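Take a look at these structures.
Two complexes follow with chain A in common, the first pairing it with chain B and the second with chain C.
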Partner chain A sequence: MKFRGREAFTGSRPYRLLPLRFRRLPWDPSRAFVSSMSGDWLLMEHATLERVIDRVLAADDPVLTDMEARHLIARDIDRSTLAPLLSQYKARKAYLSQGPALHIIVVSLRCHHTCSYCQVSRKPTGASSFDMSEEVANTVVERLFEWPSHTLTVELQGGEPLLHFERVHGLLSRIIERNQREHREIRFVIASTLHDLTDEQVQVLKTYNVQLSTSLDGPEALHNANRPRPERDSHARTLAGIERARATLGPGSVSALTTITRRSLEDPLAIIHEYRRRDFHSISLRPLSPYGFARKTVARTGYSIDEFLAFYRKALEIILSVNHDGYELEEGYASLLLSQLHTPFSHGYVDLRSPTGAGLGAVVYDYDGQVYPSDEARMLAAMGDTSFALGRVEESPRTWLSSPAMRRILDAGVAEALPGCSDCAYVPLCGADPIDHYARQGDPVGHRPTSDFCRKQMGMFDLLLERWELGSDADRRVLEQWALKAPRSTPSDDVSEAG
Partner chain B sequence: MGTIELRFDAAIFSADVVVRTTYRYSGDFYTSVEHEATTFVVRLAPRSSTVNLALLEERFRTDALDERMREQIREETGEVHAALVTAALREAVPADDAGPTP
Partner chain C sequence: MLPLDTKAKLTNWGHAPLLKVADLAEMAVGRFPFERMALDLRSIGQKSAATAELVGLPWAGFIANQDAQLPSGRPGVVLDDRAGIVRPGDVIELQPLRSRVLVRYRRGDASNVLFATEQCNSYCMMCSQPPHDVDDAWRIEQMCELVKLIDADTPSLAISGGEPTLLGAGLNRVIGHCADRLPATPLHVLTNGRRFSAHGYAATFEAAHPALSWGVPLYGDHFCLHDYVVQSSGAFAETIKGLYALHQAGQRIEIRVVLVKPTVERLQELVRYLYRNLPFVEHVALMGIEPTGFAKAHYDDIWIDPADMADALEAAVEFLAARSMAVSLFNLPLCALSRSLWPFARQSISNWKRDYLPPCEGCLVRERCAGFFSWTTDAWTSRAIRTITHHEEGVSCEKH
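Then we have the complex of A and B:
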């Protein structure tokens, strides 16, 4: 018996293009990142992509097999099905089916810090009129269970929520009590400086299995400069709080975020080594936001996104070398973007959702009973702009979702339909942030060529992809580990920062 | 640096392609697009003295050709793209008025 020639099995099978986008690689413009509508992708010669589109490749060219496997083309038109691509797309957008899972409750605006870059409208520690009342808190709990999501992350923040611990305790207790008949999966997070955290408070947090999110901006001098208290002991107080919490709640009970100020740009090594010294295995390098006090002090603390990306590039090298030394340390935002690149799953991070996560993935209940679709919307309101206020906690979620504010968000909330995003090869992995664009550019749709959000997202995707492609095998192993460890289809990565 | 002028044959480049390409440069440049008989005329004036002008015409023309490829892809796949999105998100449309409809 003799086999027929290879051409008998490949023939001149026609193929059709499936929806795809491409971007020339900044580090090698003769090649392109080519992505499917569901975010599957490959790197290929740009000239080859042209030949695929112009149908001048041989039918048995191996690149067609690669492209078919990634749903960039479909061969055997009569027999092929688009069901796998449809499933992949639905998996990527799975967050849409649940409704908001992240619920941020602002228990007080009081704070003992006077941070120059504070995003919120902090109030003095004695100003108890900026505390959430019991009546508002009880109504928030009722609203919480009106949403359909089975999994809820309840984040208590401020100001400094521990300054109003009575309300924190009351909310935890009431939510758990109510959940006896609701049977939701609930995760509690408190965003706090951890200053003045007491053993009694830690015992309460243990009862409710609360995770803590704090801010650690780096070594003592940098942290104290960024987060001043009259006593100049902010760093020492945060470390004491971390240790107290870890002693009772466990070593993984506290996560920390680093806000990057102009001063931070000078020394990524010191920041990263501080995290290692304090036994953290995750660091989140977060640029400044254009809200609250940060806007007023931008000339002193601010910098361009290009400067941030240059800092981030250096920091990533240092973090990779720390991992190569045997100490596991991941960068939080890189993990999220890498999980977008290397896994087919969705997750709840608001910046990476399209349609936007504002109001669809997260809801914020302010101390005074006002409801917002995101913390950024609350910050804008604190600055006097209530464009994105959804309503009051006494109203129903249905009323909030049909509010003019929500309609305005949705009009600009689908990245795939935005100018500059619609053809971007990263859009299946990225998101829309209409409130950020409104805050920075005065327009929820925004102008992508001058958008800091877009520049940051593109810059980060480019950097991580470049590092992944050009790095050593050891680099790739570390980056892929981060991708696989990142949370999926949960909002657990979506907690905000301590005040 | 004054205004840079680029001309595109309207038989090869559609208005959509020329406008989409120009949009990409609208962060660094004041831009205009005009249609003159069989040609699109693009004018770019740098917004500041720090704008990178190296190989500007070459970069712009390469980007225009890429936009032309994207147009070709959109024409060929637009229908199936719309059908897939509709099918995927159908279940996100509320079936009744029983509760919140995110």
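Then we have the complex of A and C:
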């Protein structure tokens, strides 16, 4: 047998294009972001891409090698294999494999705040008719274990769930008791202002290893302006709650969200420094949602997506410099999108999936026994629009999934098949949000050119990709660290002999 | 370097089986039948201890320094072995026609190998063990026999060739034997993985052994490069499909990348490919070339001085480590690596073929350095080779 040179192994057939999408880089229109079906990607000269598509490149052109390794083309399909592409696709969609893992239980709608941007249409603290009854709670626990997912995240929220702590405690203990037989992996989260958190409550939360999620909108003046209480002490009470929780549950036990109002746009530095001052290593800069009270107050608190993106760009610079300063601080949404860009894995976030996470990744059990596919669907119902109500807790998950509401969601729930999304280079990394589009545009499919959701997603992907590409080594290291640390969905089993 | 064979005078052997070399301690343990053991008379200090009663036991034979020490009429091996090539606990094969003794298993060594076959379905440019198209199915039986005589506390065992999967179900038999006799010994099979692309073969290894893993080489992130290095059209596609099949069958996988020049030129793309497509692999080994066999014929095509791949290696190791993919460097001397890579370097060369060069005399890190294959010549030696002395900052405080 004789040894042969490289030219003997280049294959004999012309290359073929695999399904690919591209987008010119806003910061350098001579180049493009080219993505594969599974979200692997390459930055390349746009003119070169045209030549690839026109098949005028020689088979041994080096750019074809890079494109083949990222599954954008196949050179000799007889010598190559599509198995890695299928494996990547399956890994990317691994969140589909087990059904809904996030179960949100609304314990009470009561709240002591009067936030103008409130998404959930809270009720005054004395209105106990907006509490979840024991009977409904017991039925919710039964339903919870009818879902197949081995890992379950149970999120208790409100209103202010701690105002109905008896029910919180009852749910935690009943779920754990029931799990003696079920052996699921269960994680508890409570979304709370933490205002009236007591040491007795903290002890209970410790027993059940509960994670807390709260709102901290920035320094005192901004937080109190965004989140008014008659006593004007919301910021102080939240900080006291955080300290109380951390003292017993540990430094990482509380995460915080920042809702960005018009007022917040002015001073990203103050918000970020407040987080650093309070020893948070994660911040989530969240734009307003078009629900609940937020919709009515849009003129006073609202702003355009472009204004938000301009704010976010400034905030990202500040956060990067905080990191270069030696203090680790990640931005939650950037981490999610960066994980999609820089890892092959699925993610655990329900609002950015395709097929949509509504009903497929999450289920919401309202205080009154109504069941919804997402928090947004519940908020719509609270505003009088029950289009996306799945049913009641007395019914079975099977009934909910075969409801007309679910069908309507699924019809608009696959991003790859939506007008405007189907050609977008970011779609393998993005998601469909039919309920959001319905809420904003009156139609679950929606209209991408005027969609705030789309504008925000495109803007964020563009910004993060630009910042990564043009950044220093130190910038890249920080951004990649966020991507690599982001939580994954269950690992996929991958394909065997396919291709 | 301690060779694995030596000259010997063999007397009175009819059939020449594999033998466990036994001392009195081995006899006391009683794990192996007398019929499979050769009593090493050299290990019995005083001549008087070799009593007629001891010698009268049904040993397969005896090992001694001189003819005169052998019991008359019994099978015997006379060794001129000052280096200590054959020692109690080892398993030896007798080759009467060549008057040689081969050590098939060396007690306490971390790099014992079951040699599966000389055949291979690839023809790699840098192959250190060029394949031969011979029918050596007899090796299956020999491996099973050998496994019976290996110490139960052996720290690790490899199966290599040639291409072990060419044994088909024979490989299952050998691995099954290991599972029965040596369940606590991690077993690593070196394979090109191509045969696992055949439907159903990988699944036959599900639950085959409690500590089984597979070492599979990958030389490129696309078929042209890999197929060229292994000189086989279609090999890349088969290996990739084989890797997914192994993973599907619940198998543990190591990727082995021999650092030949064309592969080093795309090393960063290759590790990216591993992370994006095969993130389930347990370990990635980046390996210096073993300069023997076919490698010698392809010096110009495959050799790149480790000093010239420093940047590529550093970037590749950093990329994998940052992504929690375990990575090691094999067969590369420490002085040719940047200091940041030292924690990843392993003493990967088996002691029977490991040597050191003159600059290694007095080198401060020799004891943890991979060293060199015994057959390394000047042409295959990095220009970076030098003595590392205590004057260099940081050496003494390196921690591993």
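Keep this in mind: the second predicted complex is superposed on the first by the 476 of 499 C-alpha atoms of A that agree within 3 Å, B and C clash if a C-alpha of one lies under 4 Å from a C-alpha of the other, contacts with A are read in each partner's own complex, and residues count from 1 in each chain.
Just so it is clear, a contact is a pair of C-beta atoms (placed from the backbone, for glycine too) under 8 Å apart; a residue touches a chain by one contact, two chains touch by 3 or more.
Predicted model only: the values in this text are computed from it and were never measured.
Once the two complexes are overlaid on the shared chain, A:447 sits against chain B while remaining clear of chain C. By the touch criterion defined above, A:247 lies against neither chain B nor chain C after alignment on the C-alpha atoms of chain A. In the superposition on chain A, A:401 makes contact with chain B only, while chain C stays out of contact range.
Touch criterion met: A:84 reaches chain C, while chain B stays clear of it. With both structures placed on the common chain, the touch criterion links A:43 to neither chain B nor chain C. In the superposition on chain A, the residues of chain A contacted by chain B and by chain C do not overlap at all.
In the complex of the two chains, the chain A residues touching chain B come out as 16-22, 24, 29, 37, 49-50, 53, 82, 85-86, 89-90, 93, 96-97, 99-100, 146-148, 359-360, 396-398, 401, 419-420, 423, 447, 449-450.
Listing the residues of chain A that touch chain C in their complex gives 1, 3-6, 8-11, 40, 65-66, 68-70, 75-76, 78-81, 83-84, 87-88, 91, 343-345, 480-481, 484, 491, 493-499. By the touch rule above, chain C contacts chain A in their complex via residues 123, 125, 197, 199, 202, 221-225, 227-228, 231, 233-234, 236-237, 240-241, 244-245, 247-249, 262, 266, 269, 272-273, 275-280, 297-298, 322-324. Chain B contributes residues 20, 23-28, 62, 66-67, 69-70, 72-73, 76-78, 80-81, 84-85, 87-89, 91-92, 99-102 to its touches with chain A in the complex.
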